[in-house]
Amino acid sequence: MANKINVTIWNEFTHEKSNAAAKAIYPKGIHACIRDFLADDPDLNITLAALDDPDQGLPDEVLNNTDVLLWWGHMRHGDVDDSLVARIRQRVYARGMGFMPLHSAHHSKPFRSILGTNGDHSWGDCQKTIVWNIFPSHPIAAGVPDYIILEDEEMYGEPFFIPPPDELVFVNWYEFGNIYRSGCCWHRGLGKIFFFQPGHETCRAFHNPGVQRVIRNGIHWCAPTELGTPVPASCRHIREHISEIAPDKY
Amino acid sequence: MANKINVTIWNEFTHEKSNAAAKAIYPKGIHACIRDFLADDPDLNITLAALDDPDQGLPDEVLNNTDVLLWWGHMRHGDVDDSLVARIRQRVYARGMGFMPLHSAHHSKPFRSILGTNGDHSWGDCQKTIVWNIFPSHPIAAGVPDYIILEDEEMYGEPFFIPPPDELVFVNWYEFGNIYRSGCCWHRGLGKIFFFQPGHETCRAFHNPGVQRVIRNGIHWCAPTELGTPVPASCRHIREHISEIAPDKY
Amino acid sequence: MANKINVTIWNEFTHEKSNAAAKAIYPKGIHACIRDFLADDPDLNITLAALDDPDQGLPDEVLNNTDVLLWWGHMRHGDVDDSLVARIRQRVYARGMGFMPLHSAHHSKPFRSILGTNGDHSWGDCQKTIVWNIFPSHPIAAGVPDYIILEDEEMYGEPFFIPPPDELVFVNWYEFGNIYRSGCCWHRGLGKIFFFQPGHETCRAFHNPGVQRVIRNGIHWCAPTELGTPVPASCRHIREHISEIAPDKY
Amino acid sequence: MANKINVTIWNEFTHEKSNAAAKAIYPKGIHACIRDFLADDPDLNITLAALDDPDQGLPDEVLNNTDVLLWWGHMRHGDVDDSLVARIRQRVYARGMGFMPLHSAHHSKPFRSILGTNGDHSWGDCQKTIVWNIFPSHPIAAGVPDYIILEDEEMYGEPFFIPPPDELVFVNWYEFGNIYRSGCCWHRGLGKIFFFQPGHETCRAFHNPGVQRVIRNGIHWCAPTELGTPVPASCRHIREHISEIAPDKY
């Protein structure tokens, strides 16, 4: 158990209760759908969380034990407490928690605050979408074909106001003429961030096996790296360290 | 005049009034020293601003006409109004204002907020410092030799908790064993950011011709790029645009 | 004259003599077309060169005075002398000559040798193409709108086997489902490289004002940066330098 | 066995036979030393190879079964067959073999050819060296402290003529004033490359536990990623694919 990745899937969980189309596709909620398709991964220990849960789903005992946090939100971004955003950001920066904003989380408070961006982009109707894999040797593209076809997915288009991705893995093609950097990796503090575009609440992306594979890979990639010596709390004078530390012992 | 770069040099301007050593080196303030060594650049139109000025030195009529904002602060980071930070960030993201945080501005509110970082690092006593130029073909390194020697500069060391620089131009060597990514470029929204480490208030970095050249180059690099069509305010359907726009006219 | 950028536009110049469609669009050759649309830029000093010229168009007196080399080739990549490729690469690496491979130059010997890639990609029929500007604050995107529509351009698609671009400026959308990283910047040695996709010999891309603006911007971006002290030929011991070089003089 | 990483450690293996100091430190050769400290990693299946072996140590049956190739060479770079270099590069680009050039391999033919660089840098006497970990969340830095002290290591210094690393993990500090990008990651074709500086033949770097951990991590990072659908051999028309491929099956 010790080496398992503790994954918390946070979902606004509002559309699926109020919108018939969303409810039909994700009857138990998007978060539960993601949990279900990850169920056969023995390395993951999964918790679900939702905006209307106590402490907005992320009390300290949950957040402080989360290795990778997935985030789906859309119509109620503004309801997320600023103090929760600060706690999430701190956990990413200082503890290396991985953060995976999905789809409309590009406009969520944690995404904007962690990355340093307003997250604005162009958008349009649902349409045929092809997710192109432009970095096949990246761990997040493991086992993913050259492209994934989504018959119907909401159009998110460029210009997308994000920091240039440290690693750009996927780019979307849309039937009516747009493109979008749809699979983007960044590093902030000790934490890794992976944004992935597919996942409109009335489309079926989370049922697509290619999308599912990307999300699974993303969780593994976002998991915290084992740290060496602790990050120093304050001043350090290497001059002194050199005489204190035996060579070849680092 | 129309093509000149409007530069605003913002300075906390506190040390130079309260600390004898700082006053001796920068009698008119660090901001005035920078203005003076830039005086022979005909492309620059320079304004000075300080924390104790009305509107903390950056009323709308100043900020909204600034192309590149230099920022030096240290002991009074907390005094900068959050609303001013928000206005600066918005101008960087949406209007492409360049932002040049100098030295201890790594912990300033605008740096943290614009980039998405806490800006923490290691630090120590002033000591001999060598600024290594590792990207000699970068515009910010134009005319800069392989290294700049500073006989005395405050030690800022790794680990430095910054997003991986989009372009890393300088790395510092310190006498007592540390190194530091000291010249870092990032892109946020439409704006360019260049952080440069030298500039402790009781050292003489801003009198060094190598440092002066880097700052001059940095301003030119940070200046906003001419935009093409306006950034869309909302939804865009390329499908419709294609029929509206004549080919070869873009 | 001293500050002008010496540009050499190298063209295989074969299609335009043997193919009626290419000849109709580019009667004087692609290289002459590019020269003509750049004619009003007072900063450029332009030379034309072609594969069938003496010394394959690039004798020492031309190459050694070139600041930026544009390269268009397709059906006769194999005819380019390996010794010329070595001279071009050396000039990019050690002298900072800019290199701008256009369209099918992705498979040219200089492109492969300078970058370290085989340059392979997918390809297909000519079709409607939209060049998306994803980095509007980049100097190469100056004045370029959000997208450029090309009614007809050859499809070059992902996966494109290139080193991850240091700066990715444009991505193409194609009518039949493909995307492509179509405007890519890299740095090699002291030189800058900008690859741009549009330019099939039987399409009209070089007559498009958006494409023309990108090429103009690319030349300015690729121009060599002023160097500081010479690159050392051999060993350097900073220990000795420190005592030899007066502080604050770098 | 099927999931083990096949590692081939290639060594020029000349210094250790001709130089008493090198022989004393690495009596069985640098390659054997590396194998020995990796012996407790159950995921690795290790083969040794040397320049004077038949086929220069890398006949097809070895190279074509290698997942990660480590390379140490120095005084006999020129003796490596160009045809072997081409085979190595092809295996990296098209098959995703990882490549780990160590120390003086910065000037080896495979390093230059795979990356696209001349690999030049400054250098000097052996001296106290500190390897700084500037990317603690990178997989190659797993378990590595903030810095590794090497009492004695050859100075390799900036300017180092390499393509800007896709990921920069370590930077060296040297006692006499130099710094160096000493742990660098790149991507070429389907393959990953990790260069690591420590390892002069008359110093003791490969006996240092920090260096050993980095090399172990590097091998795991460089291992090929599982591919999805095969890379296309030639032309692809997505238009046709779209009708052939059932949605949600990718």
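Order as written gives the chain letters A, B, C and D; numbering starts at 1 within each chain.
Here, a residue touches a chain if its C-beta (ideal position, glycine included) is under 8 Å from a C-beta of that chain, and two chains touch if they have at least 3 such contacts.
Just so it is clear, the structure is predicted and the values come from calculations on it, not from any experiment.
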Practice prompt. Walk from subunit A over to subunit C along touching chains and report the minimum step count.
Written response: 1
Worksheet item: Measuring between mean CA coordinates, which chain is farthest from subunit B?
Response: D
Item to complete: Provide the C-alpha centroid distance between subunit A and subunit B, rounded to the nearest whole angstrom.
Response: 31
Worksheet item: How many angstrom lie between the CA centroids of subunit B and subunit D, rounded to a whole number?
Response: 37
Worksheet item: What residues in subunit A touch two or more of the other chains?
Response: 130, 133, 135-136, 146, 159, 164, 166-167, 174, 177-178, 187, 189-190, 231-232, 238, 242
Worksheet item: For the complex, which residues does subunit D have touching subunit A?
Response: 96, 128, 130, 133, 135-139, 141-151, 166-167, 187, 189-192, 204, 207-210, 224-229, 231-232, 238, 242, 245, 247-250
Worksheet item: Once bound in the complex, which stretches of subunit B touch subunit A?
Response: 93-94, 113-118, 122-125, 157, 159, 161, 163-164, 166, 174, 176-178, 186-190, 231-232, 235-239, 241-242
Worksheet, complete the sentence: Listed in rising order, subunit A residues that touch subunit C in their complex are 130, 132-136, 146, 158-160, 164, 167-168, 171-174, 177-179, 181
